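Read through the structure below, which is laid out as structure tokens, and then see the notes.
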């Protein structure tokens, strides 16, 4: 009976257009933020920070970026790994060439560089659609892989082609502690995520969705496909680029191009689709799922084995892990093709009507 | 000149090897509109099943040909099981979902197959010898000094690919099932309404794709040894697909030839000046530029926009 | 989103499992983690190494109850050769056991790079035996990195020395063409700096040819080689790339006896798939050959015959299996060295670091340990985290690897300057203050 | 409602000798007619007569090989559909072309996208201008929603709406652009009598209240004759009649064309 909107009347369109029109949702969202910012830092261990929280947060941001493109504008992309890389290497170059810049400024600027590149690689989308476009974006991916390795100035002529992030600090205070890393990533993710949410519920977001749902009709009612698609590519690449820069600076600290290879692209796509196309919340859920599930399986299986008195080798664990993971993906799609976010919504609907079935 | 020809021929032959992988994608996309991400994993699974069975049967001291036949039979059965499971446990439950959902499902299938295949057949590297000759050949030695080098294995691969394609063509044109497949490809609903059982068709398509994967696995396996990397060949097949069109069997071959020749020539003649290693993205860029001219690929069905 | 719940559940199960495993004298155990990859594209290389590393530790536990009576608690974590999974494993295992992880062997260049950032903060040493950053042997800058037994620059130098010997003198190198066919990644690029430096010194033409990962398709690279006709091809591959390279060499009739692999390109899995084409292919050794030695008797007695080993019978004694043994041996001996100073109790990472840095294995000691014939003497210091410059060459005769050369010693007059310059650059970039090794004891 | 006699003078759009061919097939041959400001103009004709092609030419989706189209006194060169939209031409489609994934509200809001200007940055912050703009347009859209009596499905994804309502939402989306010329492609196709009457009422109200010029394609003769001021008849891509409803009723060519078609 808790989850009721009865008695909540919208006095203004502003209220009606809020992100969380329903009071309970607002409350839950607030609670989550409070937990994320104030509670977690007191309970999280270094392991949960470095292995779970930080990657989840950063990849959520990347997933949001990809979702803008795939979920809202309907342009499938497999180049997101490369765009993370662009963000990372752009930030790195700014940091080494303009040492007076604060690393986090570099992170943001890295995002803008990624956006620019994103627009360039978005141009084919004006002509190519669906899976053809998906494969075409792989051109961006592989070109990225190559450029990061081959073009010397990108890696500042380091012999091996692996580079290091500058020490992280802000106004003189050192931000290399896991807690600081986590909070910084979280701030980036929340602020930019909110921005993305605002865009997708505004008129530009509607243009993207119009293109996604029926591009011809959209054009006939005055949506410029070029503007809509390229703006989507730009925003998406910006978010992904910032995520990439954070991944490099905050999470890895020192990295080789393989950190942004095709596997990353696929990982992000899994997150978006598992989480739910066209849902900001879904992106986060997807990231949580994709990051946590393997770790969870990997840690949970051996003890389970012990329980049934069967010593499971590391190899078996990882094979089972990949099997269960695959099975889960299929299972989720069968239960709810539109991802965790939709599952969440249906859950809420049920809760709304509870205890009455209809 | 001689060297140029050599690179060209080498490229063309390499392209055929990509086509072998690409074919599997085409078959399934053509008949069920599913972009089967799992094709690479199927190649791996088929090859692993083949090589492991072969080892076992040779330990039983079966005559080679018999062992080979047995191994192929075994691998074929494995692929049949994969196809059956894919249809029964995945596709059937996701009928009438958008392409992207089915695509995602096949990604799940990929993880599952990779995990299963490795845990059952092992994650090691297994040399595979199915009696394909592997020695280098030198042709036209009279014309060019040193002659032009080709590899017997590649030639055999080309021959096999040729047979495979003609076989598939006949299968699609001549047999009842084949025609049914084409009907389904054209219009699911219509096909169902005239009483073509979709689930059977899908099973058959996946089976055929599985067998194609088996052939690809056998050829690539005897080239590289059977190991996990086989599942990564899918990435080499994608530009071929884009170029040839997702729905065209000949397209897969022609696309393969173009990509193969293109990337090898680029790598050998442009590569050194650019620091090398350009062929992967070059293949994709070629495909991409090509798409800009013909968005539906070489032989892909034309997209006509209406309102 | 039942994920948070499921995580708690997982944690519960985990701890249950661990408790079951470590119920006995948990307090007096030395924890050693193992980052392994038994699955994925590089599994063929990862499996034997992992088995060797594990078997040696099980042997110590079974034979002499650990190190100086301190039982070893060993746990593997699957990285699949992926950097972020590696970091996750590291974070998960570094705090385990009463004193935390003794040391880590990342077994992947990518993971090594990432952990190089984290290890100093966590005070855990990294043993990157025969891989990782070549300049990390400079202990003044890389206090926590230990590229024991050899770096890629030593390898590159020895490779050139070997070729020169084959041709009868360094003067013969002049005007010759030497190609490097390398895995297009930081790992593969590592030797380039050294090879370029030497090409200036000895006047051979250096021809680097990258192979995009995974390297299963190398036709164009070998066509280039066929066109350029280098006098020697150095192979710096990993995983499928190695076997593919060897068989492609056969396809273009490049003489295999003029191919020399690095020590990551000289294992059974690198040649077996190539079949006969691999005959007479040569590769550097990370000092140790394949085959069975004194230590294998105990391994067999206490582990394999007890069914405690994951290794398949034919796997024991393979190149990478033996490398696993050595890796664990050097690690445990370092712990022993540390115990000599700090007492026979579980060592902290910091103490182990001291132990590695003061590791000194004489020929006799190595004989005692049953590794005679596998590695030469090794002695580390604050300045030198490599501890030796020795290497040899072995050749594949179609069935097994045969040692065909005597010991070579890396030439520091070439390597040292490179190490210094890049290490200093790194120190500057990361704002690290170098240790003054003259003051270290 | 009886056929009305209204007279209009100023031509809003005039089509002169337009011909359109697809790979040899003549969709339209030498068509000329005009649409006067404020009138309701109907295009009728048997299936495949080229009616939709005609609309597609008018809003720039197809480009006739010959002939010219003059709109608001300007002879138009080759133009893209969104340019037509910018100049105030809106339309609905024969088989509904709504954005299925979006709610009724969002669909109609999209109709106003041409009038919304705030850039990405302010959108992201969604403060000040961006939010005000959103609300101002929301007010207009709500008026349209009330007018079309679809308040109850405001937040429902249109994909889930019944056919009749979808047609209405589509009309709403077109109206949201506040067009000068509204092209309706079979707005009543597949509707029951009641729905048709509603739709007629909406069309007429739009024409009366907003003074919007309307050009509609319709099969239902009754409807056409009732609501339209002038009718142009196409058959096999040729114009066979043009005039007041009563003249058309009497036109022999038209009658022949429709005989056998079964109307």
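Here the chain labels run A, B, C and D in written order, and each chain numbers its own residues starting at 1.
Definition applied: a residue touches a chain if its C-beta (ideal position, glycine included) is under 8 Å from a C-beta of that chain, and two chains touch if they have at least 3 such contacts.
Fair warning: this is a prediction, and the values are worked out from it, not measured in the lab.
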Legend entry - Reaching chain D from chain C through chains that touch each other, fewest steps: 2
Inset, instruction - Could you compare the number of C-beta pairs in contact for A-C with that for A-D and name the larger? - result: A-C
Legend entry - Relative to chain B, chain with the most remote C-alpha centre: D
Legend entry - Geometric centre distance via CA averages, chain C-chain B, whole Å: 36
Inset, instruction - Determine the centre-to-centre distance between chain A and chain D, using the mean Cα coordinates as centres, and give it in whole Å. - result: 42
Inset, instruction - Would you mind pulling out the distance in Å between where the CA atoms of chain A average out and where those of chain B do? - result: 32
Inset, instruction - Could you check chain A for residues that touch two or more other chains and list them? - result: 145-146, 149-150, 216-217, 220, 315, 318-319, 321-322
Inset, instruction - Could you list which residues of chain D touch at least two other chains? - result: 61, 93, 97
Inset, instruction - Return the residues of chain B touching two or more other chains; collapse runs of consecutive numbers into ranges. - result: 118, 123, 275-277, 280, 307
Legend entry - Complex contact set, residues of chain A against chain C: 46-47, 50-52, 55, 96, 145-146, 149-150, 158-162, 164-167, 176, 251-259, 261, 263, 285, 288-289, 292, 294-296, 298-300, 302-307, 313-315, 317-319, 321-322, 340, 344
Inset, instruction - Spell out the residues on chain C that touch chain B in their complex, using ranges where they run on. - result: 38-41, 43-44, 47, 184, 208-212, 214, 216-217, 219-221, 223-224, 226-227, 239-240, 243-244, 247, 250-253, 269, 272-275, 277
Inset, instruction - Provide the residue numbers of chain A that touch chain D in the complex, in ascending order. - result: 12-14, 17, 195-196, 198-199, 202-207, 209-210, 212-214, 216-224, 231, 234-235, 278
Legend entry - Residue ranges of chain D in contact with chain A within the complex: 59, 61, 80-82, 84-86, 90-91, 93, 97-102, 106, 109-114, 116, 118, 120, 123-126, 130-131, 133-135, 137-139, 142, 173-174, 177
Inset, instruction - Flag every residue of chain B that touches chain A in the complex, lowest number first. - result: 35, 89-90, 93-94, 97-101, 103-105, 107-116, 118-119, 123, 235, 238-239, 241-242, 246, 274-278, 280-281, 284-285, 287-288, 291-292, 295-297, 303, 305, 307
